[in-house]
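Before I ask anything, here is the structure I am working with.
Residue numbering begins at 1 within each chain, and the chains themselves are lettered A, B and C in the order written.
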Amino acid sequence: MKEKEENESERSSRRNFLKKVGVGVGAVSIAGVAGTSVFAGNKSKSGEKIKLLSPDGTLVEVDKDDIKPVKEILNELKEEARAGLPNRKFCMVIDLARCKNARKCVEACQEGHLLPKDHEWMRLYLLQDDNHTAKYWFPRPCFHCDKPMCVSVCPVGATYKRPDGIVLIDNQRCIGCKFCMTGCPYSARVFNWKDPEVKVPEGHVYDPETNIPAVEGTVGKCIFCADNLRKNELPRCVTACPMGVIYFGDILEDTVTNGIETERFSKLMLDRAGYRYREELGTLPSVYYLPPTQRMFPVESGLEDSDESIKGRYKNAGPR
Amino acid sequence: MEADKKLIRDLTPEIEKTSIKWYITFFIFFAFFAIGIYGLILQIDKGHIVTGMRDNVVWGFYIVNFIFFMGLSYSGALISGVLHLFHTGWRKPVIRMAELITIISLIIGPFFIFFCIGRLDRLYFLFIHPRIQSPITWDVIAICTDLFGCFIYLYLSFIEDFAILRDYTELNVPPWKKKLYKTLSLGFTGTEKQRKILSNARMIMAAMIIAIAIIVYSVLAWIFGVTLQPGWHSTIFGPYFVIAAVFSGTGLLIILMWIFRKIYHLEEYITKRHFVNVGVLLTIIAAFYGYFTFSDYLTKWYGSIKMDSILIDKLFTDYYSLFIFANYIGILLPCIIIAFPKFRTIPSITVAAVIAVTALWVNRYIIVIPTLETPFLPIQDTRPDWINYSPTWIEWSLTLAGVSVFAMLFMLVSKIAPIISISEMQEKDKIEILK
Amino acid sequence: MKKKIIYTILLLILLPVFSVYLFSQEITVISPYIQLQYFKNTDDQRILQTTLTYSKNRMELPLPGMEISFFTVGDQKELVATALTDNKGVARFELKSDTRLKAGKDGMWAFSSEFKGNDTIEAGASEITVKDVRLEMVLTQIDSIKTITVNAFIKENGTEKPVSGEVVKVYVPRMFSLLQVSELTLDDAGTASVEFPSDLPGDKDGNVTIIAKFEENQIFGNVEKRETLTWGLPTDYSVPVTHRALWTKTAPKWMIYTLSVLLAGVWGHYLFALISLIRIRIDAKKQEAKDEYRI
């Protein structure tokens, strides 16, 4: 039984409206009010109304003072994307015992963020620490570290850490120096080596929280689906996983959920001896792992159904 | 006065006339440069997909060239600064070359960063949105500072020469050049007061240049050193890079001495003594450099940290020949050649220098690439053809273009200014006469 | 003979083509999954909710914008409302107090909801029966021990009777889902109680909402009681704006100081060198003037 907390914050609904009407810019400019769009939430109103055509074809009446240039909307979205969600600190728990390389998380991620081929934010590793230890599947999103090396080394502040724990990239700021990619010890960042050629929904306004569209010559990475979080929805990889491998939640609430089960974060850590990958690096990741004990699938099953091109990606997997 | 005229004629072989040889050589270099530009246009048009760099090896030839050229530049500064500060007697014919190496490579180096970044159109963000915490910002500040300082330093050393060329009425050059000399010499006439001001300024700038060279090259090393990557995260990187830079610069100085001596017939000014002296300097630096290299790899090899072991393994398998060439042959061979007086001939010293400089470039390569090929998480779940780095023709062409521009700029400077400082040589003559 | 072979071959070729055609026709008709649920919330509002979904590639997908009819089922079926499904495939209808509800012989209310279907989606119907229950949640705190007590009663022949043996779940709502605190089974007196965990974080004042509910109960449907109070641990999480670190917008002070000192030192010397150049120029000018005077 799923039920969401009803009190969706005013900020988030305002943001959604902002975005919805932001999408309407295309239609508006056809109507002759070029380069302007609508924005709700302004306190002083003149009362003068203007009729605008929204993208789904319905006529909306808005206050004249609410009309703002697109650029202002963009800046406003960017400011919000830098501020993050108030009083939240997100974390992820990945249960290695359940992962069998079904790759649904990767697919959902690619689809949801309109990522081009060969530009994958979510990666699945087949790890084996030593000859005498067991192999296991290791899904790797961005770790959203609390001491993020990638953010420290960014020369232009294109990538930044928000108070709610999420590390985002403003790909309109990124100069593509790739220093963050060498800085990240988890290879979580990927570069747009060529024009991504994504079909962007018409009138879409760029926002670091969706990071759509990808831009050639800039860096991308997992963003914990910051756009979904604002709508109180779980990240796409979490809901897509058929095994319920990935738990997500707010560490301040001490609760994580994989969409089906909801657990106390601290209890999960205690009962399953949760750990973070390479704690010794001191980057303080927000992603925790549960060791692959009492696994639900044999590790080999992860390659059974996959085609040759996927198998080829794990050819040199072995102890190291 | 006759001696002076001869000096001027000998040291400014290209100012009055331009030989066909000069044109042909320039054209050849220009052709390489043009190919590089074509490559660059392709890269800007199609994106970085045309390079050999991919998601794991995100830095390739460009960064290697960047560190290499920056190294040459700082070392030039360091050599000329040190030689100037300590009034080394034999420095005079070589000091100008060292200064020119500094300035020219300092101009070329940053261009490789431009080739490496994905959004060249946003380069100015470095200045309008700087973050002081990033080593790249340190580097931007440092390079700008260094470039400015080196220009001042070079100019200070040129003033007297410009004055000499201005006053030398028999010089057969077009009027614009005469005018240029007149403006650039600032009306310097060589009074006691002017000389004192000039030498004071040069002293201070020489000291400054040494300090900046050390700081700036350390900053460059810290771009690698501050990251967590195996092989890069090393406290020794700052001094190691500085000494490596001086090593390459000294080597290049020997090579240039040989080239200029051959082309412009400067046998009289650049003698075997200079080659041996700079050669000995190279040996001493090589010893330091070898020592740093050894301690860096020894600690990595002796300690059993997994990532370090994997990296060392890779260096001794996939990169075996490069590693041996860069860190054994490249260091030991120059030492051996120069250490034994028997082997000390001008050609052999030059060969040693060529080996040293190439080995240093290779050393840069095996610092940058193998580390990127051994990330903490093994390279998996990516296209198999994206795992290893191999440069494409575009990267090669731009590398060659960089070398060509280096040569072209040297050739252009030799059209305007003396390649060996006339004023310093005059001074030397006077001292010898006094004796 | 030859003709026969040709016909057979033709048939063999056409059959798969034809069957593909048939198959594709079949696939365009969706057979939906329709589920009617009964909710009674903490304010005793009664809501009927119908979810219309279908399954595609083993994924459950919603059918939005469909008309659902709600009925009360007594001696005869009576249409009480129609509603459209939203983009999650959910249609809701609130049973107002004036809605005539007639309990059956066993004291149960019966409802049904129907979807008429259209060209591409098959029709469907779902039916439920529920008994009205009064759920009570009592929250008491003695010293540091916080106790949740739940009681449940049903009305039978005008008198209240305790509900026994049924399961009541206790939840705390979180950002994405409900966190289960406890699962209680009602005793013969229709009562059960549990201690509330002392270490559960609330908001910055320690506010938590506690929900007790019958969940998908065979007899009662979904019935809940909720209450918000300061039983949680206060969590105050705010990052000071002026926070300086390597990864923040503003750099640590020592970095700025060091950089400033270094730059001031270096550029100061440059300035000295530039002033020297100017002094040379001035001296040269004086010299020139002198020379002219001499001539």
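Operating definition for what follows: a residue touches a chain if its C-beta (ideal position, glycine included) is under 8 Å from a C-beta of that chain, and two chains touch if they have at least 3 such contacts.
Everything quoted here is computed from the prediction, not taken from an experiment.
K.L.:
Per-chain Cα mean versus the mean over all protein Cα atoms: which chain has them closest together?
P.N.:
A
K.L.:
Using only Cα atoms to place each chain's centre, name the chain farthest from subunit A.
P.N.:
Centroid comparison gives B as the farthest chain from subunit A.
K.L.:
Using mean C-alpha positions as chain centres, tell me how far subunit B is from subunit C in Å, no decimals.
P.N.:
Roughly 61 Å separates the two chain centres.
K.L.:
Between subunit A and subunit C, what is the separation of their C-alpha centroids in Å?
P.N.:
That gives a centre separation of 17 Å.
K.L.:
Using CA atom averages as chain centres, what separation in Å is found between subunit A and subunit B?
P.N.:
44
K.L.:
Show the residues in subunit A shared as contacts by 2 or more other chains, in ascending order.
P.N.:
152, 157
K.L.:
Enumerate the residues of subunit C that touch no fewer than two other chains.
P.N.:
246-247, 249
K.L.:
Of all the residues in subunit B, which ones touch at least 2 other chains?
P.N.:
131, 133
K.L.:
Touching residues of subunit B toward subunit A in the complex: what are they?
P.N.:
46-49, 53-56, 58-59, 113, 116-119, 122-123, 125-126, 129-131, 133-137, 140, 223, 226-229, 232, 306, 310, 372, 375-384, 386
K.L.:
Across the complex, what residues on subunit A touch subunit B?
P.N.:
Listed in rising order, the residues of subunit A that touch subunit B are 118, 120, 123-127, 138, 140, 149, 152-158, 173-179, 181-183, 185-187, 190-195, 215-219, 278, 281, 283, 312-317, 320.
K.L.:
Can you tell me which positions in subunit A touch subunit C when the two form their complex?
P.N.:
Those residues of subunit A that touch subunit C are 1-5, 87-89, 147-148, 151-152, 157, 160-161, 163, 232-234, 242, 248-250, 252-255, 257, 259, 262-264, 266.
K.L.:
Over in the complex, which subunit C residues touch subunit B? Could you list them?
P.N.:
246-247, 249, 251-252, 255-256, 259, 262-263, 266-267, 269-270, 272-274, 276-277, 279-281, 283-285, 287-288
K.L.:
Mind pulling up the subunit C residues that touch subunit A in the complex?
P.N.:
Touching subunit A: residues 58, 173-180, 199-201, 203-204, 215-216, 222, 235, 237-239, 245-249 of subunit C.
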